[in-house]
């Protein structure tokens, strides 16, 4: 609750700071400081210091899982701002408003990570989505950005419709929006199952799982790269948390009904994400597909829905967000988003290349990186179910395919000759990248540094 | 009224909305169809709300009220969505002087 | 005096040292030093061998375990030497004849560069070392080490002039053919290990003695050992390397053909006589293969024009005789023939070397003739060799060959008949060689004629010594029929080789057979004299052509084994590997790429189609969930 | 203590190497580091042989029941020794090779060494997997950065291929993990895992494919010739000398004892594959014109023999495999050294373009011939001992009824090996010089030193192999008995 | 059939017909008008269900504000003519068939759902009254209510960011 209120307040503060302050750097610094504060108050809440006592009538519950997840999100956003805040400012004139929207989105993230009622889930998702439509279209002169925004909006609204229908059907069956109530259903009727499936679809849409992923490549590609970074990481993992909470807490007892569908969706997502990414020529679009592929891996946790899955999802959120933010931060600095644009980067920017390599290795799931250990947890969770092992094997095969496109970037950077456009980076940027890379490796070797928080 | 009537009516409206989304090319009309879908949901929710009230109203006077409140929130969200959505459509129109979604094909593959 | 056996490890050590010194110091030592060291170490071994022989003759035998060569679990293979009658006899032959060849080589190879001279001697020493290891080894594995060692050395020596491509090919051929035999030998060893759990002669023979081998096992083991022997001792089907091995320097041929290498097979079978005696099948096969080889090689030798090739085929043929002896159970006769053969074949080869030396490297007998005048020592010693190999009493070859023929007769008159026929052929082609080379007119170039000279003493003295040995060497094995107690060799070897248990023929028959063979041989010689005394070059035709081309066996092998193998390899390489196996692997990649390209099209950019696909999948899920799912 | 040092020394020195800028310094540093590793390895073999020095365990991922536990047992000893010996040899022999960005090169080499050390030492499945990949990544970068013209595609294929394998292995490991009694990654728990025959079967294939790709076993081998051909030779040495042993090692440590029933049941199939691969690779080797490819295929054949032996499950053979891993590593590094010299001097590896080197470079010729002959297992060289034991093992195997066939067919490869090796020697070293080789110079001191050491090792292990055999004695018995002593298998054995 | 039922059927038919007309009208303005008609009929349903507050809000917010906004935009863009070019007929058909199938599947799946026997109260029940709803909204649902302000804030910011001409 600390974080929710603070981030809403911070959003308003940002709104006004845009009006009051003329200096961009001041606005930026406020935002970064604000995020830091957010992180701090959230950690305080984790350690039991909750500033507000508000009765949510059982509609929200801030447990360790959600709080830890929020920590990850805030930290990722913090890193994201450190790396890319300057680039946010370059997108358009309303830089303060962009920060405002980011804070509002964080509100939504907090909501979806701690909802106990479908109403909150719905509100949270809308609070995430609506600012995102705007951010996507924030590069107003750019037709691609326009197009992405409109597509996102139309498809997003459509999926909202599906979700509402699902909620309505479930309400009809149960008579309540409370997840606990829903989960108490003894014998699910058609209404319940239809509602659940509709929710499955709409959540799949939000996490860009196949076959509801179609918006993702276009939107990620069209949106200004800084915001793609934000969308592909923080927003996506937030959707996942909502997903796993919803299906764990509201439909936990219906697992036999939905597990096979999740398995199929997982397989389809892995397949489409990975395979389609192979042929991409633009790194940005490749990353869009890769985010679908990664979503496929994260879906394994939903499929498994056990203790390992939750731990794994936390790890995955951290690993995936950090690495992707890192890559996007570097990508933003590039003039040319194609693979060839990366040619010879190692020669001119060894540090950038080295850290990018670590991020890519992490995404590809190579051991000693956080990416591996999180994938490992996912596989572990899936294997622990003892069923549908074909899915696990399929997943690892697809992970191997993913190596193909991630390594194309590495190949371009290290093994090919070329002259990447002039890249200017600040020292802070570089240090942050290095710290990020180090963090990914440390997390890869000692995942317990993060997971211990979950339990203690 | 048997609840099934309401269910079928809502579903029918909902599906008509979907058909509209599928068949129309005008972004505004697509958007309107989505609004239609939401209204179908609203109707269904209210019907359910009354249904639950009919079943449980004896023990709990406010049984089913949450359904109507949900409808209220949906309307809130819809309003917000419409403002943003129309803004986006207008922005789009400014740039390409069309609201035909078939022209949205720079981003593909 | 017991300690000769204790320090018998010196025998192989000397040549090994020689190998190391000559090998490492070949650039720093002078030629004479190399020659002295190279020959000296063999002499030292020879002296040691005599010492050992004397001890063994007194009835002392010794098995010495030095260290564990391989010890794994229950399997323990010691690095052991076994010094007994058989090995000491071979030691004498190897080091004795080997020494003479070394001495001869020092002179023969004097034209070589110091560096290569050193290399040559180091190879020779290594050769002797390997052979010593082979015969001294106290178990099959040590024998195998020597066995492969001689194969290696023959490879090195045959390819000694490594600049010449065909020499190298011959060397490769020798090694590979040997390897085929070696493989069989190895498998036999495994078989023995499987059954006996051990490879020590003592244990194996004891095991065999207790009749613990099943018939299948014993037949399998002995046959495999025999296949090994065919490789090393150039029997059908693995004999073709030996004539090609003439590519090496002539003394090397002498060493290979006389003292070492080719006798290894005989030694091995003689050593394993306990096993062989248990398997009649194998024995018959050995006899038949031996005889067939003897005949085949003899026919080929009839038409060869290369002086060394003739000798080579004669070796193959003689080895066939030895196998015939082994196959008929006359192990002693085989060993006896090994010994006499060592003398006269070394003599013949060295003699031919002397001729070649004199002719300035010319080896084709058609270009020789009338050399007897210029090369009198060579001529006379060569003549002795020919008489010995033809088997005219009282030359050594007579006694050994007679023993073989006799055992063949005891086994079956048919064998005897063919063997005798082969022996006659031997006499014929040897004297053909002699006459063409030494009689008649000189047919070479003028330069060669001018160059003709008798070889230096270092070469002729070994010839003379060997000639003497060829004459008297047979007296250790005079048949009982001629002299009571004359067969000293059998007596000497009796602890190792059980006396031959055949149905003995009567002495009168024996006399008859001896007389028959002697008379016929002399007749053949006379026939050869008339035919070849004034040889004129002529092209072979018809059947002669077939013989000249060695029955086209090499070509046959090329056609049915080498070429198909090569083609198959090429097929695997260029088709299976590239298109099938790699094709599958790359195909997976291509499929991924292709599906990527196709799947990409799903992302049409059209909102309508996106929603359509979403609705479609919803439909599918609903239908499946509600109507098809149980 | 020792195992930790074995991993840490190359790891840390490797990481520091990234920051050394001077090429000479980094070369010396890498050589020094590799010598220290060698010293540590030798120390573990000689002075500090007690268990307390050879075992180390530290907490790591306690929630998964996985710990950082490393132990030097016999097989680890011999392979770590190989690993430790290989690197100084490689560094010495390539002292004169020029590598741009030498610091990265040597750093990656050392990291690869650390990874392989870890593989050989790990006593925890997860740790094993970690190191398994850690060894692969540097190799990938080494090959793609410093390799031949087609390096990028080829190495990439190699990487993805092996990566697929290892991911499958990971799935297998996870499955076994959930079926251990105490849900632990510890090797002891793995050995006691309770798995049904059906589960074992598919787990077996999951793991085996990973190892088979690494070894490589026909038909999973196609990455190998290409990769060897395209890699810088120093890396090829690492790949073929040490890294392929990871596959063999994996089978010995993580497959046979963990899945004994399946290993026994599928032994014949695997053996058939191995034998087919041996003959296949040998026949192809005969037709190769490229030195590197030839050696690559010969390596496939040799490894095939090891695989065949392993699945014959026989103590004698098992010992053979273990020392043969060492021997093969040493020999093949020797071969690569010479090939590297040839390539560096003439710029070609085509056999058909070379000839007559023995005249101009006798020392190289002699050393090469010795190593090549060792490679075809001539007696008194190291490989003979290994192959002899292996063949004995195959022949006396009690688990298969095709042992004679396997022996004979595998034996054919001995002959084929002789054919291609001797042809190689003949064409490259003998005969007359060709245009390219007229002005050949002989090898330099450093190369002589490296080759000399190899030759010494060849003869040492060939003549007096007992010390090596003693090291692996217990391990090999354990591995063998893990299958043979199982009652349900034991009753089917052919006595 | 009493008045309620007649009303119900009338409103239902009107809603469905309106909805169909929204989808099929060539002229966007007609679509808007038909949509408004549909909304009115839905509001009628609300009244029938005694959800008076929602009926009013629906008319004010939806039919009034939102649809006017739509109309406004359409007029602004001058789209009141039949500007929509012909869409591929097959695609249209496919869309229609898919939607129709979905409808069929839904109805088939839900026709025998767990609550088939239940009925919705018509004309009775006071939960839909403003008083009750208001109390509930500002007690139990106050947090979501407040949170929805964030939504509006972001929509407002969005309208500024997107809509303002530069």
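Think of it as A, B, C, D and E in the order they're written, each chain with its own count starting at 1.
Rule of thumb we're sticking to: contacts are C-beta pairs under 8 Å (C-beta built on N, C-alpha and C of every residue); 3 or more make two chains touch, one makes a residue touch a chain.
Computed from a predicted structure; not experimentally measured.
Visitor: Counting one step per pair of touching chains, how few steps separate subunit A from subunit D?
Guide: When the steps are counted carefully, the minimum from subunit A to subunit D is 1.
Visitor: Of all the chains, which has the CA centre nearest the overall CA centre?
Guide: Central chain is D.
Visitor: Is the number of contacting C-beta pairs greater for C-D or for B-E?
Guide: B-E
Visitor: In whole angstrom, how far does the Cα centroid of subunit A sit from the Cα centroid of subunit B?
Guide: So the centroids are 27 Å from each other.
Visitor: Between subunit A and subunit C, what is the separation of their C-alpha centroids in Å?
Guide: 77
Visitor: If you average the Cα atoms of subunit D and of subunit E to get two centres, how far apart are those centres in Å?
Guide: Roughly 71 Å, centre to centre.
Visitor: So how far apart, in whole Å, are subunit B and subunit C when each is placed at the average of its C-alpha atoms?
Guide: 97
Visitor: Spell out, as numbers or ranges, the residues of subunit A touching 2 or more other chains.
Guide: Each of 119, 123, 126, 130, 133-134, 137, 140, 149, 151, 154, 158, 169, 172, 190, 194, 217-218, 404 in subunit A touches at least two other chains.
Visitor: Do you know which subunit D residues sit against two or more other chains?
Guide: Where subunit D is concerned, no single residue meets two or more other chains.
Visitor: Give me the residue numbers in subunit B that touch at least two other chains, ranges are fine.
Guide: 3, 7, 14, 17-18, 21-22, 25, 30-31, 48-49, 51, 55, 63-64, 66, 69, 73, 77, 80-81, 84, 88-89, 91, 101-102, 104, 106-108
Visitor: If we use the touch criterion from the header, which chain pairs count as touching?
Guide: Touching chain pairs, listed by label, are A-B, A-C, A-D, A-E, B-C, B-E, C-D, C-E.
Visitor: Mind listing the subunit E positions that touch subunit B in their complex?
Guide: 4-5, 8, 12, 15-16, 19-20, 22-23, 28, 31-32, 35, 38-39, 42, 45-46, 49-51, 53-54, 57-58, 61-62, 65-66, 69-70, 73-74, 76-77, 79, 83-85, 87, 91-92, 94-96, 98-100, 102-103, 106-107, 110-111, 113, 115-116, 118-122, 125, 127-128, 132-133, 136-137, 141, 144, 148, 151-152, 154-156, 158-159, 162-163, 165
Visitor: Residue numbers of subunit A touching subunit B in their complex, please.
Guide: 119, 122-123, 126, 130, 133-134, 137, 140-141, 143-144, 146-151, 153-154, 157-158, 160-161, 164-165, 167-169, 171-172, 175-177, 217-219, 221-222
Visitor: Contact residues on subunit A for subunit E in the complex?
Guide: Touching subunit E from subunit A are residues 8, 11-12, 15, 54-57, 59-60, 92-94, 97-98, 100-101, 104, 107-108, 111, 119-120, 123, 126-127, 130-131, 133-134, 137-138, 140, 149, 169, 172-173, 187, 189-192, 194.
Visitor: Quick check on the complex: what are the subunit C residues that touch subunit D?
Guide: 67-73, 75, 115, 141, 144-145, 147-149, 152, 155, 159, 162-165, 168-169, 171-172, 175-176, 179-180, 182-183, 186-187, 189-191, 193-194, 565-566, 568-570, 572-574, 576-577, 581-582, 584-586, 589
Visitor: Which residues of subunit B touch subunit E once you look at their complex with the stated criterion?
Guide: Answer in residue numbers: 1-9, 11-20, 22-26, 28-29, 31-33, 35-36, 39, 42-43, 46-51, 53-55, 57, 61-66, 68-69, 71-73, 75-84, 86-91, 93-94, 99-100, 102.
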